[in-house]
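Each structure below appears as structure tokens.
One chain, chain A, links the two complexes that follow: it is found with chain B in the first and with chain C in the second.
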Partner chain A sequence: MIILQLVVNGVLLGGTYILLAQGLNLIFGVMGIVNLAHGAIITLAGLFTFWFATKTHQSPLLLLPPVFIVMLVVGGVLQRLLLEPLARLGRRGELLNLMVTFGLSYVIIETGLNLFGSQYVSLPDLQTTWAVGGLAINEALVAAGVLGALISGGLHLWLHHTESGKALMATAQNPTGAVTCGIDVRRMRGIAFAIGSALAASAGVLLILVIPLSAPTADTLTILSFVIVALGGLGDYRGAVMAAIILGLVQSAVGYYLSGDAEVVVPYLLLIVFMVVRPQGLGRATR
Partner chain B sequence: MRLHANQGGKTMLGGNFLGRAGASFAALIAVFVLFAASAAQAQQPIVIGASVSQTGPLAVDAAYHLRGLQLGVADANAHGGWLGRKIELKYYDDQSNPGTAVRLYTRLITEDNVNLVVGPYSSGISQAVAPLMNKYERVMPAPGASLPAIFAPGNKWNFQLLPPATGYLEGILPLAKSQGAHTVAILELQLGFTLACGQAREAQAQALGMPIIYGASYALPQPDFSSLALAIKNANPDVVVLCSYYPDAVGIAQALHRIGYAPRFLSETIGPAEAEFISALGPIANGIISNTSWWPNLKTPDNAGFIARYKAMFNNEEPDYHVAATYAAIQVLGAAVKATNSLDQAKMRQWLLTHEVETVEGVFKSDANGLSTKFGQYMFQIQNGKRFLIWPISQAEAKTQIPYTGQ
Partner chain C sequence: MNLDARRLGRWIERRLGNPTSAAAPVPAPGRERIAIAVLAVLVLCAAVAPLFATAYVLQLATDVLTFAALAYSWNIISGCTGYLSFGQVSFFGIGAYATSVLVLRAGLPWYVGALLGSGLAGLAAALLGTVMLRLRGIMFALGMLGLARILMVVAGNWDYIGAASGLTLPAELTPIAVYLATWVAVLAAFGLNAFILHSGWGLSVTGVRDDEVAAAAIGVPTARIKVITFVMSALAPAAVGGIVAWNRSFLDPPSAFDPTLDLQVIVFALFGGIGTLWGPALGTVILVFVGEQFWAYLPDLQLALYGVLVIAVVLAFPGGIVGIANRLGWLRRRPVLAPAVFPVVARLPRPALQGGETIIEVRDLIVRFGGLIALNGVSLSIRRGEMVSIIGANGAGKTTLFNAITGFVKPSGGGVFYQGKSVSDIPAFQRARQGIARTFQIPRLMESMTVWENTLLAARYGKRADQAVDQAAWALQTVKLDGLWLEPSTKLTPGQQRRLEMARALALDPTVILLDEVMAGMTRNEQGEIRAVLRQLRGFGIAGVAGVEHVISAIADISDRMIVLDRGSKIAEGPPDAVLRDPLVIESYLGKVS
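On to the complex of A and B.
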């Protein structure tokens, strides 16, 4: 039963990781933009959710649609103002992207600190634990996992089965070729960053129900998201799902059989191993 | 030989009337300038310097630490200040980082030239800055330092304003044993104070004949405690003793709930004392037991006034023992300044080593190494979203609710 519970814990943890990573997967994996502000967006959304829920005493889940829509617009504006001008600079633009998003992350973190303070906060919603055949399954973790799965599935369907999604994939694979096919690559870049940001913010709305958040935890979330995206293979959604689940399972087992300290190190050890053994990641996509 | 007087105003001695007048006038000017400077100095405020963890993992608890300092300074100024001078607080954010705190205290002492210093929040950071006080020979009341190792032989200038960490949750095992509990699990965050607390509880469990059937340590940040919770559930101890700060106190309580496990006694340090703890966990917090060195009903001087002024200053918020400890630090500093009628660090140090000070937290008295010897240890339990003192039994406000249910 312990092993089964460890598997359940690992899968649920992996579900949380899927939620964290898919927004970044779109921006980094497809667009090649290293968005160091990813964790900051998640955290700010989580802190805003905490503020909303404690002030209005309403369910935090009510925020999911408006947060997604607002961040869609904000993400699009940020991309147009800060990152699009760098797109014309080629390889030099990649380093500048890194620096711009690094600065953006600290602007967002400082905004969070000023608006919501530096305290760790969390919400006691969705705390029901179901006993299923001797296993304990928590509502908040299931919700995070379900949303992560819906996001992954939705992204996959959009990118591979819709015209706009295929246009985005074409832009990622060959911008020049995409232009010659009449695709507005500038618009595609804006859409990708906007949707990626919106997904990150949606992740933050649920994450505050799973773990305590504070403004300075943004960096930890960014690093963890990058590890998952890298393990899965850049831009590969199935790979990211597999990576998140495997990471969750390994951490769950290591945390139980070894220690909590060893559990924290697992993502980074796995990253080293994969970069040596299978640098293209778990998925089939390569860049 | 005749004195030739009044030849151009000169005398045998070489004096010149105008020269003497000029010298006298210059002396008068000098006296006036010195007097003015002294008066100006007397008008300058006494500056107390500190670093505070306004960001980072310690920020929740350190916010209370800061507010206690602010209230202490405000109250001292309301009573005319010290030595006829107002008091100012000058602080910087150490980001919960010991290295940063060391740099900040160096800056406060050598660049900002603060008159006095107060210690930072947490034993880890206090331990990092303690040698600096010995180096610069500065009296430092340490209201965030429960780690006894800081106040070991060799320490001369740091004074503990909390009870030692070895006493945190010292009541939980005797209390649990009296209720028929037998087995224990002890978990500790890997920081100086929490490790000292955990080691003391291990020794106590052995002395009481209570077997420790599970033990673990962990570090922060730790986004997932589910494996730790599962291991505790698997061991199924009667008593869980968690030597923690705030984020892990919340995280482990959540993880235990998510795994569907509730030990008979769940006790945690630090976290449950903060107002945010109950709102963060909701019903899960009910039944958790924690420690404190101060309580609203303690019969200490002006305790009720302290609470009323704190609530008036900070939006009706309830103070906790961190507030009381830093407020007490200001009281101790003030007592030493007034008793020695100076800011002389050596005199203040000698006075503190040989005197007691009544504070809102209790009686400050230190041994030769600055270790506090008279602050009390208490335990409270969260019941229906409120905190009640349950130990010592003689001062209990409510009966201990057993078992812990998290509902």
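On to the complex of A and C.
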């Protein structure tokens, strides 16, 4: 029974993790860069949600649409001002991109620290537990997992079944080819970063329901998201879904059988082990 | 305000001169000696002054030195090797813990503890490096970040070293001892930087940063070089970690593996100029002093402002202060081992040899990429001093053949024999050193090096410095690039770039050079210059193997033999005239007439 309980929790956690990774994956796919400020955006959105929900006593889920829209705009502006100038520098640009998003992550984390303090907080909302056939199912986990999976599903539909989404996919697969098809690649990079940031912020809104956050968790979340993306294969969306669920399962199990400390280390260990053993990701292996 | 990103991009590109590419003409030795003497006196004064100042000034000076040592060490792995690390604090922490435990538990004197801690961190770096340095770019950067986190958790759960509550250390060090010990660490880190940036050995490190594949092709043992530089970058942080721990009299996991330390170090190095000798020092001194005044008023915003500074420096002047100084003609790097005038070498390095014995033999070579068969059982042999052209349409397998012979692609079947011995288990860099040289389809030059350094790097292996200088000079004369020897390699025309690649291959002192698409994209004139080099190979006893797709006329008349590949198989071989009349060959190029 415990094992089944862990599996259910793990899969639900994985649902949230999918959303966590989608933003990073989209940005990597289209722009070829890893946004090191990813975890910082998630964390800041989570802390803001906590502040909003405790101040106004409204449901934190109300924040999803406005946060998504605001971060679309913010992400678009950040991309144009900070990253687009480096987009055409090739290999040297890659390192500079990392530096810029690394700097950005500290700006966001420190803003979070100054606004919300450094203590871990988590929302007391949605803490009902349903007993289903001997399993205890947490309402917050279900809400976050299901909403996370729904938003990811929406992204998938948009990418594969609309013209603008396909243009973005085309840019991710072959920028030069996309240009020759009349796609404004520069605009696509802006869109990718805007949506990637909005997805990260949405993930933050949901994540605060499930796990406690504080400003210094930002790095861990960046790594966690990156591990999911890397396990799935960089830029591989289906692989990322698989990796998210696997990571959710592993973390639930390790957290239960070993300790909370060990749970924190899991993403880092997986990162190093998998990058060394299988740098091409899980997805490619099964194909 | 019209902030057009594309224009901004161009503006950055203009300003993004790679700091090390700005090699200066060699200055007069007398003038340089005076400059060094003046600098040494200035540094000495700055070093001695804090000893007689207030405790506050001494502490501030110690802080500057601590960060300078860390910035220089970060510069070794991330600036010189190009492996961006966000986790160098790992070694700071390892050193801090090792020193503390050695002194507390084994009763060693603190300086012995710091030295041993440093050695231990070096050992850890050697072990970790062999694994971590297989990762590239973002993978390595995040892998290092992860490593620091893992170590922090390990330290927090290990009772012997105090676990989460940390270690309390007796306050037995005087501030002056701390100050002087930190100086030693700084000088060591600075010395390692200077060695990398100004020695022939250091060229290999720069080669790894510029292009690892091309570096391996000219004999650089890239894996070993990376691990050695990683070890170098771990030594000073570990020593400094030990010293800082004793100075604070306290050590716990969050202070030993503080991730913000890496941010600060990166800011300092970036601000001064990444990959330069003076950048880390300039950046640290300026920012710590400026910061000291500033943070008193804005204590909570320090890290956020550092973040802003990183972004601003990357976007506005990625070369840092040294990059700006280079533009004004100051602090320019001197080309490594460049004599005052180009050394004209009259001799031939090798007497003309008769063609004859087989030097390369390829037997039933098969190379598969997944389901695609790139080479399907190709056999051929190359004899000393002969000129062979391998022709075939795009996708025929020429590049794969060259990659398999030089060790960049692992064959799925068959074998490659060099001078009678199988080279299957020999890594690419060793094959290059043994005499199998190559050039690339698109020239892969070391972009931050001069023409001279590109050639010298290839000439170094197995030779004394003076022999290497002669060899490089000879190679450059042979391809007629001696007039451009101090130019940055990025300033060359495509034809000159190709000849520089040939000079690099010649500098290896090879027995065979494989030239991939040697005529592609060359003008008539450039083709003539390349032909002139190829004609000389026989006289040096070097076999030339030229892969050619289209410009067959430019290679046919100087070839002894011609081999035709089609979709991974050899379809013809023989004297060029006969091969080009072969109906199979004509069909392969023009298609079958139906």
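Here, the second predicted complex is superposed on the first by the 254 of 287 C-alpha atoms of A that agree within 3 Å, B and C clash if a C-alpha of one lies under 4 Å from a C-alpha of the other, contacts with A are read in each partner's own complex, and residues count from 1 in each chain.
The definition used in the following text is that contacts are C-beta pairs under 8 Å (C-beta built on N, C-alpha and C of every residue); 3 or more make two chains touch, one makes a residue touch a chain.
Keep in mind that what you see is a predicted model, and the values were worked out from it rather than measured.
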item: First (chain B), second (chain C), both or neither touched by A:120; value: first
item: Chain B versus chain C as contact partner of A:138, first or second or both or neither; value: first
item: First, second, both or neither for A:211, with chain B first and chain C second; value: first
item: Partner chain in contact with A:105 - chain B first, chain C second, else both or neither; value: second
item: First (chain B), second (chain C), both or neither touched by A:223; value: second
item: Partner chain in contact with A:263 - chain B first, chain C second, else both or neither; value: first
item: First (chain B), second (chain C), both or neither touched by A:92; value: second
item: On chain A, the residue positions that both chain B and chain C contact, one per complex; value: 113, 220, 261, 264
item: In the complex, chain A residues that touch chain B; value: 2, 5-6, 9, 12-13, 54, 113, 117-124, 127, 129, 131, 136, 138, 140-141, 211-212, 214-217, 220, 224, 251-256, 259-261, 263-264
item: Residues on chain A engaged by chain C in the complex (per definition of touch); value: 34, 80-82, 84-89, 92, 94-96, 98-100, 102-107, 109-111, 113-114, 186, 219-220, 222-223, 226, 230, 261-262, 264-265, 267-269, 271-272, 275-276, 279
item: Chain A partner contacts - residues on chain C that touch it in the complex; value: 3, 5-6, 8-9, 11-13, 16, 18, 82, 84, 86, 131-132, 134-135, 137-139, 141-143, 145-147, 149-150, 153, 156-157, 259-260, 263, 266, 270, 300-301, 303-304, 306-311, 314-315, 318
item: Chain A partner contacts - residues on chain B that touch it in the complex; value: 54-57, 59-60, 63, 95, 190, 216-219, 221-228, 230-231, 234, 246-247, 250-251, 254, 257-261, 276, 279-284
